[in-house]
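As written, the chains take the letters A, B, C and D, and residue 1 is the first residue of each chain.
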Amino acid sequence: MSRKKMDLNCDMGESFGNYKMGNDEEIMRYISSANVACGFHAGDPMVMAHTVKLAKKNGVAVGAHPGFPDLLGFGRRKMEIAPEEARNYILYQVGALKAFVEREGMELQHVWLHGALSSVAAKNEAIARAVIEAIKEIHPELIFVHRPGLASYEIAKALGMNVAVSVGVDLEYGPDGMAVLQRKKRYTDPKEAAKKAIRIAKEGKITATTGEDIEMRAHTILVHGDTPNAVEILREIREEFEKENILVAPLREIL
Amino acid sequence: MSRKKMDLNCDMGESFGNYKMGNDEEIMRYISSANVACGFHAGDPMVMAHTVKLAKKNGVAVGAHPGFPDLLGFGRRKMEIAPEEARNYILYQVGALKAFVEREGMELQHVWLHGALSSVAAKNEAIARAVIEAIKEIHPELIFVHRPGLASYEIAKALGMNVAVSVGVDLEYGPDGMAVLQRKKRYTDPKEAAKKAIRIAKEGKITATTGEDIEMRAHTILVHGDTPNAVEILREIREEFEKENILVAPLREIL
Amino acid sequence: MSRKKMDLNCDMGESFGNYKMGNDEEIMRYISSANVACGFHAGDPMVMAHTVKLAKKNGVAVGAHPGFPDLLGFGRRKMEIAPEEARNYILYQVGALKAFVEREGMELQHVWLHGALSSVAAKNEAIARAVIEAIKEIHPELIFVHRPGLASYEIAKALGMNVAVSVGVDLEYGPDGMAVLQRKKRYTDPKEAAKKAIRIAKEGKITATTGEDIEMRAHTILVHGDTPNAVEILREIREEFEKENILVAPLREIL
Amino acid sequence: MSRKKMDLNCDMGESFGNYKMGNDEEIMRYISSANVACGFHAGDPMVMAHTVKLAKKNGVAVGAHPGFPDLLGFGRRKMEIAPEEARNYILYQVGALKAFVEREGMELQHVWLHGALSSVAAKNEAIARAVIEAIKEIHPELIFVHRPGLASYEIAKALGMNVAVSVGVDLEYGPDGMAVLQRKKRYTDPKEAAKKAIRIAKEGKITATTGEDIEMRAHTILVHGDTPNAVEILREIREEFEKENILVAPLREIL
């Protein structure tokens, strides 16, 4: 019987200029896929270069994490952009990151939309379609990572993309499988998070906020970098996965 | 005996958002290589997408025209950046443009530094080296276009880059082969410009401001988009080249 | 019997860096109030300094025209900002422009929200309230200029602001008094525009798109700078106002 | 005999959007003058509003800390701008901050140039003159704060500005009275810093790097916010000043 595999992902490279954000050096030791900001909502060329090198050093696969052109709002404010704008913002950002990835002899693995761009694409089909077509144009084998149950997820599948489902073990989920979003991330019990992660990996199930079990067939587990004890949670998941014989591997080895 | 060939180039895609700059639609009909702005000193993802499509439609080869991150100063103000910053600004901008070029089924042909970044690289060896290494990392066959006689030109050759020399027929040159830069471009007599262009193509010579003839072995002739009668000059050069049996061809067919 | 007075206004100072927009030099000769961009959606410190000097030279009163922090979208894309963000964006932009106005020995006359910020404030009461409170905090006598019939207009009046109504003679109005917005401004017949302007000034009425007459008590008449023949329209209005003995005067002499 | 007075100042409000920088809440308790970033090299309208309120709550006088339009480089990279650009960048930034200060019922106290703009003005007379004239235009009583011995300092005095000298007790000074600048601030012994501060306050002297005593008649003592133990140093200075009967007071009560 084959060994269970699971990817662990986190947003990385969100610093900008003299502004530091997140504990990338530490977190990169525990994850297998990094979602790297591309200079619109966060990140800059120096940060991108550094983050990609850090990923390489830790054997972590790199994906793009493009967002709205709104550094001031960290890409978390909805902007009413046209589908063509969405398409070209994706091409620009993912293209820029790809240059940093390829000069390290690596291949870009995935794309995950950031913040409000993700929320808009989840509901607006024209935006979702433009975004996904842009990703396909960059490379048809790129993996589109998404939370489950959204329009952009369905469109990506319909357009023949490789789609991966990500579940946050520092989030709670309603009975419809939708995450209950928090404005500010809270401390999460590492043991509980690790238990959730194991159950997702082994059974494809989680317990919803209502107490009932729901199906959650995820390819990757997300720990948010701004969850105060993110490093601790990741370390615990790693240890418990080891005991349970679950292999941590990047998305491209799982899909 | 083989037919003479010459490339004609111009800066393109310098509009931004609702701001229009230059007469790209018209100029693109006469040139063979376009230097496309990459969103730092000018251009944006929408403009880049449009400009690359326009180049394709007109059979024009596309190069990147990266600059300082200074839209407010149009990349014409020197900034004291570190070599590592220069390197990563190049990777970012050229990488972004490459995505737009490749999705059209084209290949990026060349890189030409814009404005003050070009001036800084021309004198600062560490910056020049970082920039040229970055270009090589993106693709070793990319052509580095430059004015003659500068440090960055010598370094590019020493590092084994394909280097092309560009001469502006709407500029004047001193006896040392250095252009006499003008803050504001003036009307240039199209007939004179065409004569200059033909002499460069056939003899590899120009007349310096002092009246003496100097050697000027150029691969490409530049007409500045902000020279008021740029279109007229380009049309005249095209017509005269036709009569003289000089073929207009993109750089990659000349080097 | 007192002579009729009417203000003529136009958006000014929308250039940015090397990008030119609008024909400010010409238009400034015909208007009495200028709505000056403040560096967020358009304009920059050099442009603001120049525009305010130009207004002074032409005896034109200056108002602020603040917008969303979205130069790329020219402030025409809705952004989901919080009321506190709206408040502080107004304070910042209007405060900045005020410095340029006061060093010329002038006083800031009015504030008119630009583009999508105006649209958002027109419907979102919390944003409207924050914006209007910010304007009052800068100076309680500042005039708030607005199209008729909107939430922000009502709130401004409720908060005791001086409110002026602006009507565009290059726009059409529905029977509810709401403008029929056009994405791209069209040529407007100068004679028709002047007739409209005179009727607004003398009778406070316009003919709606349905053919019926509606009340339109305006304090100022707007000609959009991007209407192709804006200068011609303004010149015609000036000439016809002269014949009809209608005095062109800035808002502060009208309210 | 009158009691000795000394101002304590620190750069404040350097956060941007979701990016936090510095420990403003803590430091504001110990200083008497705050140099508040104005949105070009750091700070944004939300941060400015918050920082000014925090200053008011702590009875701290507010000054403007304008810089180059280079958020990416935190205003620490020299840019080759024209004097007119410098003048208008000052008007814009100081004008914007003034709006936040005045709505709190406070008056702007001083202006201190940030980073590379300060370095450029220190050597380039035309820039220095433009900057100082701009400050005077905003308000002739504004205090221009500067390190000693620089061109901009002399020009400010020649133009009749109120000029205050600031000395950093977490820096070392050469025998010419010029600070030995460090790229990265180091831990500074609080007791040593307090001793230095007392000697400056009482004797107007410091010991230079060469061991000799030099004159240093300062009006304000700077502790850099990025010195790792800035809060501890400020607390120690406060305690020692108390013992020595030196009153901490804002610049406007000292000059």
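Basically, a contact is a pair of C-beta atoms (placed from the backbone, for glycine too) under 8 Å apart; a residue touches a chain by one contact, two chains touch by 3 or more.
Remember, predicted model here, so these are calculated numbers, not experimental data.
A.B. asks: Does C-D or A-D have more contacting C-beta pairs?
C.D. replies: By the number of C-beta pairs in contact, the winner is C-D.
A.B. asks: Can you work out the whole-Å distance between the CA centroids of chain C and chain D?
C.D. replies: Computed value for the inter-centroid distance: 39 Å.
A.B. asks: Using Cα averages as centroids, what's the distance between chain A and chain D in whole Å?
C.D. replies: 42
A.B. asks: Chain D: which residues touch two or more other chains?
C.D. replies: Expected reply: 72-73.
A.B. asks: Tell me the shape of the graph of touching chains, choosing from line, ring, star, complete and other.
C.D. replies: Graph shape, chains as nodes and touching pairs as edges: complete.
A.B. asks: Going by the contact rule set out above, which residues of chain B touch chain A in the complex?
C.D. replies: 39, 45-46, 48-49, 84-85, 87-89, 91-100, 102-103, 137-138
A.B. asks: State the interface residues of chain D toward chain B in the complex, per the touch definition above.
C.D. replies: Against chain B, chain D makes touches at 69-70, 72-73, 77-81, 116.
A.B. asks: List the residues on chain A that touch chain D in their complex, please.
C.D. replies: Spelled out, the residues of chain A in touch with chain D are 16-21, 44, 71-74, 76.
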